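Shared between the two complexes below is subunit A, which pairs with subunit B and subunit C, respectively.
Now for the complex of A and B:
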C-alpha cells in the first residue's frame, strides 16, 4: 500500500527520487512532496549565443574575480584565469552519500547533475582574487539544471568563493547545487551564496563542510529570488579551535517559499559558531529557518550562538523559525534567539518628522535591517556594496 | 506664524482628553516658552504639532503661516518648515547619521521644488554645522543616535535643526538629561538660529533652560489649557513659587 504516493507521485516519478512529506521532521516546514513541481527532463546545453545573453542584467559582483560559468547546468569554458594557488578539475566530482530522506536534496542532485568542478586551494596559498561559480538558467518549463562541486582548501590557505544563481524565467524549472567542502588545518574559506533565480525557479542547494583544527568557515547566504528555495548547510566541526560564521539575508517575495536549514555538528572540544539571519517577508511569502546545533558529549567548551530576526511587512506573509539545540556536553555556551517584528512606528514617525516620505522611510528602515549583516561580512567593500546593490534591486521590485 | 485655536486633543487609543481648548499665538521671530507641571499636556502638544498618529484632534485648528497643518502628513509639515526637537530622540540601528541627514535635507528640498544638494555641498554644510555644535564629524558616520550619550543626542537634534533650517522650531524638553556644559552648547546652538523670520516654541519644566534661551513670552500650560501668559519674569516667578499659586488664581 503506497497511499501517500497518490498525492504527488508525478514529481517523484519524474525525478526517480523519493520525496519527503512534512512528516519527515527536517522537512516539516517545506513539504517537498506536495510543493515540488514535476521536472521530467534535463535542460539541454544552450548555444553560445543563448548562453551569452542569459547573463545580461546581472553585472559582476567582483571586478577581479575569476568566474567559472555554468549555463543550464552545463560548464562553459570562458578562458578565465584562476588566481595563483587555485586549480580546477572539470570532471564531475563523485556523488555524495545519501543517508535517508534528510539527504533528499543530495539524492536529487546525484540524479540530475551533468557538470561540476573540483577546486583545490594550495597549502599556504593566500588567494587574492575571488573565484566565482556562476549558474545562469534559461528556465524552460519542466527542466532541470544542476551542478556538483568539491572544494578542498588545504591547510593555512585563505580563499573566497562566490556562488551565484541567476535567472529571469517565471516558468517552473528546477535547479540544484551540491557542494562538498573540506577546510584544512588553519585554513580560512569564505563562501558567499547569492541566489537571484527567476520567479518560477525551484532551487535546492546543499553545502556540506568539514572543518579541521583551527579552520574557519565564513559563509554568507543571500536569497533574493526563486519560487521554492531550500538551502541546506551541514557542517562537521571536526577540529579543535575551528570556527563557523554563518550570516544570511532572506528576502522572501510574494508567492515565494524560502527555507534555509543549517545543521552544525560540534564533534570536538573548543569550537565556536555564530549564526545570524535577517529576513524580510513581503506579500504572502513564506520563510523558514531551521538551525540545529548538536554538541557531542566530548565537545566541551563549545560556544555556539544563533539569531534569526524577521521583518514581516504584511499580515499575509509568515516566517517559521526553529532553533534546535541538542547538547550532550555539560560545559558549553549555546544560545539562540528568534524575533519577528513589523517596522517600528516610532522609528517611522521620527524619520517622517524630518521630512522623509513614509515610503522612503520604510525603505531606509528595511534596508538598514538587512544591510547591517552585509556590512559585517569583512569580505571587502566592493563585494559588500555589490550585495547591497542586489538587496536594493529586490527591495525596489518587491516592496512598495 | 503659529496660531492654535481652541485645540482639543485626546489619546486615540483610550479617548483620554489631554488638550482641552488650548489657544496660543506665536509670531515670527518670537521665542515662546511653554511651562507646566507633569501631565499638563506639554509633550502631547509637541506631538500633535508634528503629527503623531497616537493622538486625535477632536476640535480646533492649528494654523502655520495661515495653513491648517492638521490636514497635512507628518513629512509635509516638516517640509513646510516645522521642526520638532524630540525629548527622546530615536535610536535607529543601521541608518548612518550622514545618510539620514542627506535623505531628510534632500526630501525637504525636493518637496519645496528646490534643487537637491550634491554630496560635496552636503558634506560642507554638515561639517560647518557640526563644528559649531562641537560634534565630532566621525560620530555622524555611526548609526543615528545609536550609542550616543544623552548630550550627544540632544546636540544631534540641534544639528538637524540647523541643517533643515525650519521656520518654526518646537523644542520638547531639550534640557532634560543635559549637564550644565551640554546645556550651554545646546542653548548656544539654538540662540545662533534665532532670526526675525523664525519662531521657537520651547517646552520645558524648568527655568534653567530659559536662563540660556531667553524667551519673549512665557505661557503656563495646565490641564490642557494655557492658564497664564507673561514675559520672562513669569518663569522666574514660577521657579520661586512653583505652579500652585498660578493654578489657584486661574481656577
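Now for the complex of A and C:
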C-alpha cells in the first residue's frame, strides 16, 4: 500500500518513527502526521518533592488500592503493599512487535518508553483490592513520558486494575502507555482506564489482550482530558467461551480530539462480546469511535454486539463513528448500532414542564446519559462513585 | 441442519455456471485499435462525430487520468488491470448508419434481445425502431393513454454504441429528451456542456477520469419543468465483444417540479477473461423534482473459481440541487466478478431527500464492495439507507457507506440499516459505515446486523406447518422485501427472478 509520504515531517523526525496519514484506514479520522506535536526529548525523572506535588488534587479512586506510581514516565517506589496473589517486576517488559503503520502507537512507545512493570496474578487468586497504575505528568513542553507493562493473569484468577493518567499542563507534551495482557483459562480481569491528562497532553494508549478459554475481560475507558488522545484496544479472543465486555465514556471538550479504536478478533467458536460507548462532545471537540468486530471462519456461534451513542452538543464540534463488521463465519449473531444526536427535545420538555431550569435539565440529561454506563460496571460502589465524580467535574467545567 | 444444507446445495447447483445470459452474439464488430492512447480517444471522438470541445474535454481527462492512481481501499482483490489490453470502442458493424428498418437489423442482435427478454422483442417496440423518425402507430391512436399504459421507453446500448432508443417521438411530445449521450452531444450541446461532469468531476476518481476520456455511449435524459415523465425510461447495457471495456455515461436532469423513473439493466456474455465496465452516472434534481433510479445489474459474474466475469467499477452520484428535491437509488446487484459501486446523494437543497435501497447478492467467487454516500449539506435534509447483503459460496460482500452532516446542515436526519445474511461458511459479509456529524441538530441512526437464517425463525414457520424449504423462501423473501418493493413493477419481477437464480432455487 502506498501510504508513506516521502516528505519530511517534524513530528516524525523528532520521534524517529513513521507516522500514518489519513490514508491509512485505521487512522482515517486521526491524522497523526499532521496532528501530533514535535516531541524531541524524554522527560527527566522528577525529584521526590516535585513528584509528590504533582499528584495534588487527584484524590484516590479506591481507598484500598495498592498503587504503582509513575511520574513523567519514571517508576517511584512508594512502599505500597501489593495484594496477595499479585507480584510485580519493575524491569521494562520486552517491546511488543510492530506490524506496519496500524501499530504506530506501539512503535512510538517502543522508542520512547523509560519504565514499566510486569505484573503477574497467581493461579486461582481472588484479588479483592484494586491494583492502581498511576501516571502523573509535569507536562514540560516538547517532552515525552512513556511506559509499558505486561499483565499476566493466570488461570481462574480474578483481579482488578485501575490505570490512571493525570496532569494539568496546557503545554504540548506526549504520554504513551502500551499494555500487553494475557488472561488465562477461566480468569477474570477488570481493567479500568481513567484519563485526566492536562489540556495540552497528547496521549497514545494501546491495550493488547489475549483471552484463553472461558476467560473474561471487563474493560472500561473514561476519557476526561487531554488534547489529542488515541486509545487503541486490540483483543484476540483465542479461547472458547471467552467473553469481552468493553464500556466507555468519552468526554470530548473544547479543542480536544479523542479517538477510541477497538478491534475484536474472534478466532475460535463460541465467544461473546459486548461493547458500549457513550460520548459527549462540547465546544469544538472532535470525537472518534472506530469499532471493528472480526469473526474468523472457524469462529462459529460468535455473539458480538456493539453500540456507540453520542451527544453532540454544539455545531462547532463533530463526531465520527466507524463501527465495522468483518465476518467470515455464517452461524453468528453480530450487530452494531451507532447514533449521533443532540439532547432529545421531549426529554427536555418533560423536565422543563416540571419546573426544572433548562440549563439544569440539560445537565441532568447529559449526566444520566453517561452515568448509566458507569453504574453498570459492577466494580464496587466506591470506584463507580469516584468515576462519576470525575465525570461531574468535567461536565461542570466543559458544559455550561 | 438439513434445510440449510439444502439451500447450500441448491446454491451450488444454481451456481454462477448457470448464468443464463452467458451467450455471446456473433456479429461483426467495428473496433478501435486495442489499448489506450490519444489516438484511440481521437478515434472514438471521430466515430461519434463529436464537436471539438468534446474531444478536448476527453483529452484533458486523459491527461489527468494518467497522473492518477488506482484506488486500493476497497475490499476486493484482482490482478492488476492492463489498460492497454482493452478495446475501448466496439460497435456492431451493421449498425453504423443506424437501423432504418427491421430488415436491416442484424438477426443475431435481435436474437440477443430476445434472449435477454427485454421489452424490445415486442413487435410494437421493434416497429418503433423501423419508424425511427416517424410517428409510431401508437402515437396516432388517441385512445391510448400513455399515462396508464405502463409502457417503457428503452435505450439499448450494445458494447460501445446505443443501438436503439424507442418512444423518442412520444416522449418529445411532453418535452422529454431521451436519447443516447452521443446524440445529445450533437443535438443538445448547451445542456450537455452545462451539466456534464458537474456532479462527478472529471478527476473525482481514477475510473471516473478514465470514463471521461473514453466513454462511448449511454443515455441522456432531460425532463423539463413541471413534467411528470409519461413512461418509465430504461436503458439496457450489454457487453458483447471480447476484451472490450464498456464505458457508459448517463446524465439525467430533472428540472423544477418534474419526475422521472429510470431503469437500468445490464448483462454480458460468459467469457474466460475479465471485462471492464467503468460507468459514470450523474443525476441532477432541481427544486421539487424527483428522480428514481433503479438498477438490476446482472453482468457475468465469472465461474465459481473466479475466472472471467465483469469488473464493475462504477461512479454513480446524484445532486439534489434544488430545495425539496429527491433522489432515490434502488439497486439489485447479482452479477459482476467485482463490484465497486457507491451510488451517492449530495443533499444540497434545503429539505432535499436521498434514498438508497440495495440488495447485493454474491455467490461463487464474487466480490462486492458497494454502498452509498449521503452528504447532508442543506438544512432539513433527510436520507434513508436500507442495504441487504446476501453472501453465499466463496464470495465476499461488503457494505461501505458514508453519512455526513455538514456544519450548516441543521436538522439533518439519517436512518441506516444494513443487514447481512450468510449462507455457507466460506463466504464473508462485512460492514464498514462512516458516520460523521458536524452539526448538533443532526440525528443519525445506524444499525447493522449479520446472521444466518435463525433456527427460531425457521422453527416458528415450521411449527405452523410450513415446510422447511418454503420457510427459508419466506424468510429470504422477507429479508429483501423492503428493497424489492421500492422497485418499479417491471423490475421487481425480474429482480425476484434474478435473486432466485442466484440463491434460492428451491425456494421460489
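Keep in mind that, in the parts below, the second predicted complex is superposed on the first by the 392 of 400 C-alpha atoms of A that agree within 3 Å, B and C clash if a C-alpha of one lies under 4 Å from a C-alpha of the other, contacts with A are read in each partner's own complex, and residues count from 1 in each chain.
Assume a contact is a pair of C-beta atoms (placed from the backbone, for glycine too) under 8 Å apart; a residue touches a chain by one contact, two chains touch by 3 or more.
Every value quoted in this text rests on a predicted model; they were computed, and no experiment measured them.
> Kindly classify A:20 by the partners it touches after superposition: subunit B alone (first), subunit C alone (second), both, or neither?
After superposition on chain A, A:20 lies in contact with neither partner.
> On the A-aligned overlay, A:347 touches which partner chain: subunit B = first, subunit C = second, or both, or neither?
first
> Have a look at where A:368 lands relative to subunit B and subunit C in the superposition and call it first, second, both or neither.
Once the two structures are laid over each other on A, A:368 reaches subunit B alone.
> First (subunit B), second (subunit C), both or neither: which does A:241 touch?
neither
> Applying the touch criterion given at the start, work out whether A:297 contacts subunit B, subunit C, both or neither, answering first, second, both or neither.
Second partner only.
> Going by the contact rule stated at the top, is it subunit B or subunit C that touches a larger number of residues on subunit A?
For subunit A, the partner with the higher number of touched residues is C.
> Between subunit B (first) and subunit C (second), which, if any, makes contact with A:356: first, second, both or neither?
After superposition on chain A, A:356 lies in contact with subunit B alone.
> Please name which positions on subunit A make contact with subunit B in the complex.
Of all residues in subunit A, those touching subunit B are 345-347, 349-358, 360-361, 364-365, 367-369, 371-372.
> Flag every residue of subunit C that touches subunit A in the complex, lowest number first.
The contact residues of subunit C facing subunit A are 69, 72-73, 407, 410, 420, 422-452.
> Can you check the complex and tell me which residues of subunit B touch subunit A?
50-53, 73-75, 77-79, 84, 86, 89-90, 92-95, 99-100, 103-104, 107-108, 111, 143, 160, 164
> Touching subunit C in the complex: which residues of subunit A?
1-2, 25, 28, 297, 300, 310, 312-342
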